[in-house]
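The data blocks that follow each hold one structure.
The two complexes that follow have subunit A in common; it is paired with subunit B in the first and with subunit C in the second.
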Partner chain A sequence: MDITIKNWVGVIEVDDFSPLSRGDAAFATELRNAVVDLSDDDFVKVIVLRARGDFAPFQPAPDPGASVIFTEWSRNFAGAAALYQSMTFSKKVILTEVAGECAGAGSLLVLSSDLTVAASDARFASPFADHPEANFVLAALTIRLNRAKAWLIRDYGIDAAQADAFGLVNRVVDRDDLSTTALDMAASAALMPLDGVVMTKMLQQAVLDASGVGREFDMASFYSAGLLVSHGETNE
Partner chain B sequence: MTRYGTKESIAAAPQLVLYEVDRRTGVATITLNRPEKHNAMSVPMRDRIVDLMAEAETDTDVKVIIFRGNGRSFCSGNEINEEWGQRRPHERRRTLNVGYRYGADMAWGRLGFSQAISRSSKVTIAQIHGYCAAAAYFMIACKCDVVVASDDAKIGALEARFLGPAGAVASVHINRILGTKAARRTGFTAMPMSGIEAKDLGLVHQTAAVADLGSAAQSVAEEIARNPLQKLLYLKARIKAAEGVMDTSVPSITGLLVSHFLQTAPDELDFWKTAKEVGVGGALDADKKRQGAADPRVTQPAPTASATTTATERS
Partner chain C sequence: MSESRVTLDLDRESHIARITLRRPEAGNAIDAQMAAAICVYLDEVESEDDIKVVVLSGEGDHLSTGWDAEEVWRQYLDAPGGSIRKHPSQRARLVALDENWWGPKGLYSRLLKCRKVTILEAKGDCLETGLYFALCCDLVVASHDARFGNPRWRNIGADGDLSLLIALVGLKRAKDLMFLGLNWSAQDALAYGLIDWTGSSADRGAKVEELAIMCASIMRDGIVSEKYAVFASLAKMGIDLSFAATTVVSASLSNIHFQPGEYNFLRELRSEGVESALESSRGNRVEMR
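Now for the complex of A and B:
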């Protein structure tokens, strides 16, 4: 995981974000720490999440162990201090830069970020069938309720053009132009005064919580338990 | 539990709401079968929907439920001039207890057919063609998980013209589905959305030519039903819980109840009198003669530059 800071923009670069999809707690913690550290950095206004290849190639998601759902699993993936809430309620603007396959947890990162620039070959899989920590309220707020429902139930991939039309991403560009466009957008946000960015993000927390985003994260452990039950029934 | 309706309307309900289960595919179909009335729903028809949803709930062969309508339209909403057993039908709009029973218990409250749909543990699909108006719009289409519509369907709160726009405007659910501007437009103008417009706004998931609509909805239903039942139950449980935290599961349309008790202006009372005599369509025709009255059945064309009155011209 490479972390650079330049011109008020912190960039977190990894090979891809698929370790999150396979439940890699160490990776989730490392990424969470990077996000929180950059959020705390007085010389960072915007945080960019970038993959060197496809954003999040598909990885099978293992069920969390029943005995740790309400403890370690929640702490690592769903809790108030875990990665996705650290991103959603970050003090700084978070931008995801998505190319190619965006499966599983990749779509959670997109939903948890403020801005997204996508390559024209990006494809966003529904995270809901396999990831109990996926926040449906964020999806409904982002692409509207019925689109989020259909995404969840049909469990299909949204291509870049659809994502643009739905409001899941802010811009779609050729893959060759992705990083440049993402940094341009980050630079635009970085023109804002630091305190203005932080105050806006603080106010945004209240708006998101009033809409149920925090409460939906709180439900994740129960969703996880329900997923275990459904898998058990299915496998019988 | 008391069942409301006349002896005849209660007896007719099983023929007016048909139910079929394809146990091979896991798809159940609820068909509104009152084509001569654009499938307007009587109280016993809505009660039958409640019963059928309960039956489907415990039927482990049913994974997906399609709502569709026979004839020219999906459904024009609730029956307007129905005698359903109210004690004082000519005063029902002024009697809170009766109004609550009609508006909440029978329609959108905890006992109503709308929540029987929205709180179902099975996946629900609305297959919409022709008119999808009033209760059919916000109590069926907006409550189903997936909406498949014909390109030229007419979807919206057409009842707002004579019941007030609260049901369409003051609903958290519809605002989350359409966005606030579109929700207000559908309520305050009563003008319908086409299937294509409803897809652009997010209500409709997929459109098709009306001739292909049935196969399109069936295809979506069967694709979903190929999933294990437990997976679908899990996903539906997730939606219901999330809607709980978003406050979209509870129909925030108390305004609709208020609408039933609005003190209407004398000319608006003429609407109800005419509707009682010649039906809602005839009342709308008569109402067009009133200055400023709009016919919600007709999509208004966008104003052209030449047709737009400028401030200068007005002055």
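Now for the complex of A and C:
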């Protein structure tokens, strides 16, 4: 994981974010720590999450394991100090730069970020089937309730053009232009005073609180437990 | 009322009231006195049982270019505790923001919770205050030349309610305005759900009239029942909480510390004047650490 800071913009670059999809706790913790450190850095206004290849190629998601759902798994993936809440409630602007396949936890990173620029070949899989920590309230606030329900129930992929129309991404560009566009957007957001960035995020938090985003993250362990005890009937 | 920059026309026969901003020479920039006048007119409209619909519009090319830049500081000085020292007290800022804009008696709360159907006729610049008119009215008719945004946010941070914006256009789309300083065309605004209709300038007035007449044909009890159902939903959405948070954050943002190299709108306003400050604040500034 490479981290650079220049002109108020912190960039976190990895090969891809698929380790999150396969439940890699060490990766999640390292990424969380990087996000928190940059969020606390007075010389950073915008944090960019970048993959060197496709954003998050598919990886099968393992069951968390019943004995750790409410403890270790929650602390690593869903809890207040875990990665996704650290991103959602960061006091800095977080921008995701998405090319190619964005499966499972990749879409959750997109939902937890403020801004997203996507390459025209980006495809966003539903995070809900395999990731109990996926936040439905964030999805409903972002792409609207009817689309979020369809994404959850039908488990379909959203291409870049649809993502733009749905409001899941802010901009779609050619893959060759992705990094340049992301940095241009980051530079634009960084024109806001540092105090303004922090207070804008705090004001947004009032909306997220009223909408129950934090409570939805709290429910993740229960959703996970429900998945473990559920079983298919004949022919299901 | 001595405020002539806002007028009210009541047509009881058609059941339609019209509140018109009449400050075209300043792009209908809004100050606290104009906001208060609109609130007084909304009170008057609500006391008239024969009025069912209020149309809000502006004279000239623009609905509103925003908050009067020269007023930004004065409203704090005029509030209780505002002129005791060189800089207005924090309580003066809170009181001004609450009473003029976000509190129960403020412009946006009054417009959002008007018991009549509110229709906005949008054109040209619909910035800052103009954007909030669109967010708070029931129906928005805009001609193709309309553009919606809040360029001031880039100078200090988002100092306006975010809950309505997010509810209307979505969480990530809202950040086009919050963090990227973009203005949306009428076409974009229609696609995102901010407005209800767009068309040519020539057709705009007729569309407003059509909607106003249609709404005025609804029975009085029906309109007020529907509006109270909306108010209940707004309460569940936490709009009052968000407006209160906006007052607090906005007061804090009026008092922020700038880092070296960051653009300071008020400093430029004081040293270079309104035109220069507005041009810099709405232009493509590039600043590097």
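Note that the second predicted complex is superposed on the first by the 230 of 236 C-alpha atoms of A that agree within 3 Å, B and C clash if a C-alpha of one lies under 4 Å from a C-alpha of the other, contacts with A are read in each partner's own complex, and residues count from 1 in each chain.
FYI, a contact is a pair of C-beta atoms (placed from the backbone, for glycine too) under 8 Å apart; a residue touches a chain by one contact, two chains touch by 3 or more.
Note that this is a predicted model, so its numbers are computed, not measured.
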Checklist entry - Between subunit B (first) and subunit C (second), which does A:A26 come into contact with in this model arrangement: first, second, both, or neither? => result neither
Checklist entry - When the two structures are overlaid on chain A, which partner does A:I153 contact: first (subunit B), second (subunit C), both, or neither? => result first
Checklist entry - By residue count, is subunit A touched more by subunit B or by subunit C? => result C
Checklist entry - Which holds for A:M202: it touches subunit B only (first), subunit C only (second), both, or neither? => result second
Checklist entry - A:S211 contacts which: subunit B (first), subunit C (second), both, neither? => result both
Next on the checklist: Just checking: does A:F136 make contact with subunit B only, subunit C only, both, or neither of them? Give me first, second, both or neither.
Outcome noted: first
Checklist entry - In the superposed arrangement, which partner chain does A:W8 touch: subunit B (first), subunit C (second), both, or neither? => result second
Next on the checklist: Looking at A:L194, would you say it contacts subunit B, subunit C, both, or neither? Reply first, second, both or neither.
Outcome noted: second
Checklist entry - Does the superposition put A:R144 against subunit B (first), subunit C (second), both, or neither? => result both
Item to check | Overlapping contact positions on subunit A, where the subunit C interface meets the subunit B interface | outcome: 141, 143-144, 211
Checklist outcome for this item: As the complex stands, subunit B meets subunit A at residues 123, 145-147, 173, 176-179, 201-205, 220, 223-224, 227-228, 230-239, 241-242, 245-248
Checklist entry - Can you list the residues on subunit A that touch subunit C in the complex? => result 7-8, 43, 93, 114-116, 138, 141-144, 165, 167-170, 185, 187-200, 202-204, 206-207, 209-211
Item to check | Touching residues on subunit C, where the partner in the complex is subunit A | outcome: 153-158, 162-163, 166, 169-173, 175-176, 178-181, 191-192, 237-238, 241-242, 245-246, 249, 252-253, 256-259, 262-263, 285-289
Checklist entry - For subunit A, which residues are in contact with subunit B within the complex? => result 128-129, 136-137, 140-141, 143-147, 149-150, 152-155, 166, 211-212, 215-216, 219, 222-223, 226-227, 229-231, 233-234
